[in-house]
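The following pair of complexes shares a single chain, chain A, combined with chain B in the former and chain C in the latter.
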Partner chain A sequence: MKTRWLQVLKPLSPRARRVLGSLSFVLPILLWAFVSYVPSVWHPQVLITKPGSVEYLEPGMRMDKDAFDDEVASAREDNKPPPEGYPSNPIYLPAPHEVAIALYTAFTTPPVSQDGQWLHQSLWHSIQIIFWGFVISSVIGVPLGVLCGTYGVFARLNEPFVEFFRYLPAPAFGALAVAILGIYDGPKITIIVIGTLFQQILIIANTTRKLDVGLVEAALTLGTKNAKLLTRVVIPGILPDLYRDQRILLGWAWTYLIVAELIGTTSGITWFITLQARYQHFANVYAAIIMIGIIGVGTDMILALLGRRFFPWDRSLEKSN
Partner chain B sequence: MSRKANLGWTMGLVLGLASIAMRPATAAPLTVGYSDWPGWDTWQIAIDKGWIKEAGIDLTFQWFDYSASMDAFSAGKLDADLMTNGDTLVTGAGGGKGIMIMLTDYSSGNDMIVAKPGIKSLKDLKGKKIGIEVGLVEHLLLLHGLQASGMKEKDVKLVNAKTNETPQVLASGQVSAIGAWQPISGQAMKGSPGAHPIYTSSQAPGLIYDVLAVSPASLNAHRADWMKLIGVWDRVVHYIADPATQDDAIKIMAGRVDMKPEDFKPLLQGTHLIDVAEGKKTFKKADGLTSLYGSSKIADDFNVANDVYKKAQDINSYIDPSLTNAQ
Partner chain C sequence: MDQFVSPTSLPSYLEQITEVRARFERLKAREVILDVQHLNKFFGTGPRLTTALKDINFCTHRREFLCVVGPSGCGKTTLVRILAGLEEKNSGEVLLQGKAVTEPGSDRGMVFQGYTLFPWLTVKKNVMFGLEVNGHGKHESEQQALQWLQLIGLEKFADAYPHQLSGGMKQRVAIVRALANQPRILLMDEPFGALDAQTRCRMQAHLLEIWRKIDITIVFITHDLDEAIFLADRILVLSAHPGEVRELIEVPVPRPRSLAQMISPAFLATKARLEELIHQSKSDDDEEAETYAMVARLTDVADNVE
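The block that comes next holds the complex of A and B.
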């Protein structure tokens, strides 16, 4: 049977899903490889291999192609040995294989300092920061969001301020968080909470509002009282959507990690990233970024699988995954 | 979700919150903040060799981003922080007073103004743009250099840029020079071939002293411990200076910042470490850059002139030479 690709709102065949799913990763990587390995694409600089007669050059330096061509021309004119080199991209864009190697060696390199940490220890520390930040944010944000979505009183009392506060830059509260909670994990977790909580309240309140009015009306007709309406109708009704919101918000929390970990003592994966960036080891930086991506996607996939077990009746979950 | 699962979740949360809340309550060793500067990576030697414990001091070093360490010190969460003398005045003016009890080093080349090829001296920068983080040490260095070559700040155009980003700023070609410290200045030269330093801190030694600034409360309560720490510092400086142990010293310091020892070595040459004997001399009151007092006065004038803070600081109240002098 011929596969028809463009059908509105029709599920794809499992095979097509697999192919497209892997393509979504393969295409960007191919693009990256294309830019990195085909010298005629971009490559605005020259990586010097031999400095020739140019005093200020050293092997391993990168310079702009135009400047390099000028130096070669002027050396030729003076009958001096010209500098040599090959086209390269700026140091800020390492090639895929360099990042792949860095991804491996980053884990196998032992810490040199005695109070240093292995990379997996740093990563684990970061994961804990995210976990606690997200848990604390959820403990406040989920109930408050559900209440705001259910009762107009809570919504009016909270939402105008929350709307305002969510625009404030979370990292700006770093110094205050340090002053109150010390220099270790407390202020970092706080930044994650500030960054996540206010979005969480609004998103969950909106999700709650989208609950099918028919369900509530039916329950009211059957004589359900306020508290029971909340626990037996509203919450079960929005649970699958709430779960999906939480998955999205967890990703949101991750985006605050780098700024959070720079507050107080430098720790976790951020310590690794900032240090490697300062010394321009960008292969290591990208390796670390990819690790964060893998952890994030991995967690999300596990949560999606769990979601299907928790809420087998929810059809939109199946569609999206 | 079942009730039981809910309960487990709640329990986990409560325990977690409790463990976070309890953490700061455990024993309180003295805490010192340090950050990425060749003159401070040196402390890693004392840490790795166990010299601090050996001296009988209950003290830990915590690694920070430089400005984060000043925030933590201002907030009273650190007993001491490693800062420049100028920045000690800045945090002090903001209420987080620190007393400079010992010197670690002065910059002798690691801070620099790096210019594009073709520009030979500061004089050539007349009317040109310079990328610099306004109000920070390189700004001070630039002003000092301009003054020495008979120019004024008005003769050049300053473009405010984060020091960390100056390599890209210089490479963009939109400025003629930048100001940065090592290792950033080194990266800037690597990224723009032909770029070279036209003025460095080696031409103004003592303009930027690096010090250990201790909070007055901690200094009062733990004076004996801080005194012992100065002894440890002397040991560190001599371990680095001694040709027999220098390689090991460099290996440890390079390890702190994940560099190769051979890459780290040149950075050390741009940092003049100050042992106790030299520290005593620098603590003598005098005008000019050979004295911490004179240097701090210049930094204070700079800070007031650039609106970093409004009121001139009382330099004497920031400096306590007695601990170094008692060694």
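The block that comes next holds the complex of A and C.
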């Protein structure tokens, strides 16, 4: 049978899903490998192997191709030994295998400085910042969002202000947070809370409003009143959607991590990244960035699986991944 | 061809055989459960004000099966929502056993057209819901729920979730969920409207079976005239724009009802009367019919289908 690829709103076959899913990772990596390993592609610089007669060159240095060609030409004119080297990419674009090695060795390499931290220590610190930021945001945002979605009074009292506040960039409060909470974890957690909370209230309020009003009316005609309507109908009714929202918002919190960790004393994975960049260990920088991605996607996948367990009756799960 | 009874040869729908008349006498001798007096309902304000229901008066007796029919837009659904307390009336009285209805309560059960079983609860827990929120103990509620499920033959599905049931099963559970509270009256808003024809037929028989067995008064909204005649003791016919009572028809078809009765003279006479009443009042459908005449012919003149 002929495979038809472009069909509107039709699910793909499981095999096509698997193949395409891996391609979504393989294709960018192939592109990266192509740029890294094929010398005729890009490679705007030359990595010097022998300086020849040029005094300022040293083995391992990189220089622009044009400048290198000029040096070779002038050396030849003067009948002196020309410098030698091979085409290379700038130092900020390491090849895939270098990053792969860095990913492996990052955890086994001791810290550069004595008071430095191992990579896993940096990561753990970052995870804690995210965790507390997200927990504090949720403790306020989830109940408030549900209340706003359920009762018009709460919605009108809160949402106009929240709507305004969510346009204020969270990092703008960095200096203020440091002044109030000091230079350690307090201000960092605060930035994540500010960045997440206001979106959280609005998203959860909207999710709550999407609850089928028929369910509430059915409960009313069964004699359900007041608080029981909230605890026995609204909350269980929105729970799977609320859980999905929380997963999306957790991803949101991660995106504030780097900015948050730059506030006060740089810490966590951001500290690791800045330090590695300072020493021009760009393979380590990429490794750390990829690590953040793996942790983020990993947590989300685990949460998605748990969601299926928590809400066996939820039909919308079948439509999403 | 004796199945084809010509309208002129039909008896009057007002004629009742002795046993039907006797049954109506017994019915009217029972106490009044629901009493609606001078009920008015408007939507909008100022120049946009429309009258949805105008001076509605009727009452139902204990264990009566009342159907409400009318053209689309006659306010059937609004009426039943006011009875349930889900919508407010502008004036008039709705009395349930003499007590004014102001808000939803467990003394009036309701079954909706859409599926409103709680998807996060199993079938059994859906039936237990009303009992539990009204203060019954968990164990007692569970026992009762299982009995109700037995009544509709769905005890096997006690631990299934609503999404695992067919449309007809869902509505059966919805009916017993409402009945578990032992309401005085069961309000049904086109509950079988979303079901296919065969399932609807089975559900009607099911519903009559349940109604026969327990002490419940039913107000049933439908736009299907056959369904109304098949189910009802009396049929309240509404007209559209504004919704007014045209007639309260006593169905002369004897009980117990069966599908074979659908071609009996009494049935057909009632149906003819209902059609007459409903087509008299101009509805939205008539305007649609007029537009058909304006459709230009787009096929060859020789290419005819009828």
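Note that in this section the second predicted complex is superposed on the first by the 297 of 321 C-alpha atoms of A that agree within 3 Å, B and C clash if a C-alpha of one lies under 4 Å from a C-alpha of the other, contacts with A are read in each partner's own complex, and residues count from 1 in each chain.
Here is the rule we go by: contacts are C-beta pairs under 8 Å (C-beta built on N, C-alpha and C of every residue); 3 or more make two chains touch, one makes a residue touch a chain.
Note that this is a predicted model, so its numbers are computed, not measured.
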item	value
Overlay on chain A: chain C relative to chain B, clash or fit	fit
Geometry of the superposed three-chain model: angle at chain A (Cα centres of chain B and chain C, steps of 10 degrees)	140
Touched partner set for A:R278, first chain B, second chain C, both or neither	first
Touching partner for A:L147 - first (chain B), second (chain C), both, neither	neither
Contacts of A:I292 with chain B and chain C, given as first, second, both or neither	neither
Partner contacting more residues of chain A (chain B vs chain C)	B
First (chain B), second (chain C), both or neither touched by A:F310	first
Touching partner for A:I192 - first (chain B), second (chain C), both, neither	neither
Touched partner set for A:L215, first chain B, second chain C, both or neither	second
Which superposed partner A:T224 touches (first chain B, second chain C, both, neither)	second
Lowest C-alpha to C-alpha distance for chain C against chain B (Å)	11
Doubly contacted chain A residues - partners chain C and chain B	239
Contact footprint of chain A on chain C as seen in their complex	84-86, 104-106, 108-110, 112, 114, 116-121, 129-130, 133-134, 161-163, 174, 177-178, 181, 187
Residues of chain A defined as touching chain C within the complex	212, 214-215, 217-225, 228, 232-233, 236-237, 239, 311-315
Residues of chain B touching chain A in the complex	1, 13, 16-17, 20, 23-24, 31, 33, 36, 44, 47-48, 62-65, 68, 71-72, 74-78, 117, 164, 183-184, 187, 190-194, 196, 251-252, 254-259
Residue ranges of chain A in contact with chain B within the complex	48, 56-57, 61-63, 67, 91, 111-116, 132, 135-136, 139, 174-175, 178-179, 181-186, 189, 239, 262-266, 271, 274-276, 278-280, 310
